[in-house]
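Two complexes come next, and they have one chain in common, subunit A, joined by subunit B in the first and subunit C in the second.
And now, the complex of A and B:
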């Protein structure tokens, strides 16, 4: 665990010593707040629903921007050569890096809580829904981040890592939406429940309703664990090549 | 102690390392010499556990890269080629991080980092970002990183490349100093460097070990013969007749003032200069010059790696 912690602290410092984390946080907060308050006072309902509705779509772009450098940068500069010459297990490095990126995201999400306070001051929102939605945000981000980490471990080009991650996450986000499922007609209708189960946004909206369903939690945990496992494997595989 | 046994590594259709075996004992600096692309870096990366070979194995103090890769890395200090480092960190933080990752107990870290800064003369750079350092200082940070846990074995991939002559001398001195107790494998493509720094040299070409021995042994091995050149005045024919079997006259030319310049090839590597001198005296001749010339390491290197260009 000491190794994971050392990697975690180093990565976290790299995020916060450079402008990456700050740009991420500021832009994320600016966009979410603007989109939220644009309609908040018009609708005159003390609810954060419109805020959480845009989170999956923002995460699609923002989280790959955080994860793209995790491995691609190391491969580019060759510092992974150094990293892998130290007595570390692959999973320790993968986990340390992942948790650091996750921290950047969680900090950003925590910094949006003043919105909830504003809403609470102006009316009486359903707090259960808000807490559930925040939990959903964390789970959603954790899953997307794991996918981004895996993609980043496959390339030495950060831009490639970013674009491929966005495409995959976008695919997973819309696969369960009516936009896609409406095309599954005739005999293909049997696929609809599967597509809906696979959709990132579906599980998010289900948690956002304030209902913590173990199926949603398991879905997100699986979706975070599998790419991380694959990242470890891809790093091990690159040693055999 | 680094032991390498029958290593073979193929990248696609290229054979990067072909059944290479050698050992590096503690207290020994072994130079790994070869043209660029000969397989030096690949061999070193295998020893460090960065990549795995197709067959064969490497051991560090008895720990096998296949069975205990993490233990192997604990025993090794590795300086990669071109010294990639974390540019955004400053020297102190970077070394502190390496010490933590290396499993040095937290309360000893500060002292250890301090010590490394001293050994590698980094005092003036301790709080600078690594990205601001010159090539020479980067290299020293790389060395400090490799030495911080006081490993029994060191693998240094071209530690002097890109440095100026003073820095090269410093690094060489440090390597020799460390080589008194540690097993050091150190690659270079500069002959002179291997000659001056190493106790033993391994020559690799096209993935195969083509020569092994002390700089002196290798030189003798190259030509298999030593050349004596002398200027002699007297009965040349009689001298030639009386020469022992292992001598052969390869060249003879008039040298002026009645002297004859002779070149003799000797198949026995031992020094026969005195014998030659006595011989010239016994035939009643005079000697103006006598010298013995061994093949240099350069000759050996060119000879041994010649196959690669064909």
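And now, the complex of A and C:
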């Protein structure tokens, strides 16, 4: 775990020493706040539902922007070979880098809490729902970030990593939405529950209304763990050739 | 490249195995799961009754929620609440409960289908850019199961939605039609009527559309057939002791009874008297008394028509009490969403000091606090001074006009079946011996039963239902509940507080919040970054200087 922590610290410093983390945080905060306040004072309800409703759609673009450089840049500059020459296990490197990127995302999410303070100052919101929704945001982000990490490990081009990650995450986000399931007619209706299970946003909608379901949590854990496992394999493969 | 490919090939089995393990874990998690509702009112926690109904669906219940996309902002919380609750049903119903949300706006085909299903386009008003706008929108649900369908035409308040959905699922998926018994003692007012038919034909017709309705000749047969799941009895005045005993034992056997009980009798010449004793002599043993005083509401009343010989005049009539939305108990889901019920010439109900152990009483219908009660002799004149009547009345305040008693009842006949009088006809004696003698006497309920009593026997008569159709809805909901109450038990009306702003900020404050968080907060992050960059530059400069000076 010592090694993981060392990698984590190094990566985190790298994020905050470069403009990447700041650009990410600033754009994310500005867009979420702007979208939230478009209707907040019109509806006049002390709730953050509209804020949490947009999170999956924003994460679809923002998190791949963070994850794209995780491995692709290392491969491009060849620094991954240097990194791998250290006496470290591949999983330690993968986990350390992943946790650093996740921290950037979590910090961003924490920086949106002034919105919750405003909501609390104007009325009596359901605090349990808000806390649960924030927890859901972290699970959702963790899963998307893991997917982005894996894609990044497959290529040396950051742009390719970004585009492919966005496509996969977008596919996973909309697959369970009525927009897609309405086309599953006739014998294909048997696929509807599977499509809904696979949908990233479907699992988030339950959490965002204040219902913590073990199925949603396990879904996000599995969706984060599998790409991370595949990333380790991908790094091991790149090491041999 | 070749080595990498070989690596993947060598590890393909391991990778496939891991993926299979992940799929297996996902599969298990779908079967064994738990949910925690973080809302304070537990609004997303479905009752055990609903969960059980959802678990036992054989086949697929398809739910189409017709929801207009251009709802006024005020309707958004309600629409969200409906979607949330439907998702909860889906979470528990799994593959047996499918939801589709359809926006009929700009979709003529969907609009046509909604109309065919009987869904209504309702009017909703709201504020848009500080202007009051009225919009015609869809917010209704159509449910289909095999060849059957049920609808909720328009949902204005989702508080009662769990009851509405679950009761409809039960109706759709039920394999047999429930049997409702009606004991009708009434006779038509029309003395020329050769058959001297009932005064409750409308209600019977309406109930026949939904259930198998059977007329029970209680006095003639002295029995309630076993397959009767619920019983309504109408105008039960002058009941024999044997008939009362049969009703008592039916309730104690776990039966469900709806008993509109007459408190005030109205004669042909518009004279009014306290009604003759009826079923109230039985339910007084269960802890409930029917008070034969007339309840009046000077404000919350219905319009009544009176003939003055030459013409018919219509006027508000305080003796026809109108129950307001707040008068329907929110703890009794079947009637919680109703907003009106008219009870012409009513008495009221009162609980005895000590209810028998095991009996739970719920007041389901209440007047406003401005009501009052008058004792006999009653003056029915519609043009009297009502304010003076109120001032002179001995009882003022809120009156309960409907009670639900449920649980374990003691028998109203603790000593067993009544013994017929000596002068009883021989045939009757034989019938009593045959029907009551063979019966195992229950001194208390063998199963929990339900008794709904309303202190008015005439509000379901044909002539009142013509003018007050809401009365029909009331009895339909009660009948639905009685026939499905085991499956619907515990479902309560749950109003979801919309949690509006407690204080409305002024425009400058709104702008301050809006711009402060949209621009100010990101700016702070930028400043922090610049500060950190500056510190790093300074530190780098210092290090460089140290090396330079050191060199």
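Details
By definition in this document, the second predicted complex is superposed on the first by the 239 of 241 C-alpha atoms of A that agree within 3 Å, B and C clash if a C-alpha of one lies under 4 Å from a C-alpha of the other, contacts with A are read in each partner's own complex, and residues count from 1 in each chain.
By our rule, contacts are C-beta pairs under 8 Å (C-beta built on N, C-alpha and C of every residue); 3 or more make two chains touch, one makes a residue touch a chain.
What you are looking at is a predicted structure, and each value in this text was computed from that prediction instead of being measured.
In the superposed model, more residues of subunit A are touched by C than by the other of subunit B and subunit C. Once the two complexes are overlaid on the shared chain, A:14 sits against subunit B while remaining clear of subunit C. Contact with neither subunit B nor subunit C is seen for A:113 once the two complexes are overlaid on the shared chain. By the touch criterion defined above, A:240 reaches both subunit B and subunit C. In the superposition on chain A, A:46 makes contact with subunit C only, not with subunit B. In the superposed model, A:26 lies in contact with subunit C only, and not with subunit B. When both complexes are overlaid on chain A, the residue A:3 reaches subunit B alone and has no touch with subunit C. Applying the stated contact rule after C-alpha superposition, one finds that A:85 touches subunit B and leaves subunit C untouched.
In the superposition on the C-alpha atoms of chain A, the part of subunit A touched by subunit B in one complex and by subunit C in the other spans residues 17, 240-241. Those residues of subunit C that touch subunit A in the complex are listed here as 1-8, 11, 15, 18-19, 22, 25-26, 29-30, 33-40, 44, 73-74, 76-77, 80, 84, 87-88, 91, 94-95, 98, 100-101, 127, 498-505, 510, 513-514, 517-519, 521-522, 525-526, 528-529, 532, 536. In the complex of the two chains, the subunit A residues touching subunit C come out as 16-17, 19, 21-22, 25-27, 29-30, 33-34, 37, 39, 41-47, 49, 111, 114-115, 118, 122-126, 128-129, 131-132, 178, 182, 192-193, 197, 205-206, 209-215, 218-219, 222, 225-226, 229-230, 233, 236-238, 240-241. Touching subunit B in their complex are the following residues of subunit A: 2-3, 6-7, 9-10, 13-14, 17-18, 77-79, 81-82, 84-89, 239-241.
On subunit B, the positions that touch subunit A within their shared complex are 11, 45, 48-52, 70-71, 73-74, 76, 78, 80, 82, 84-89, 93, 97-98, 100-103, 145.
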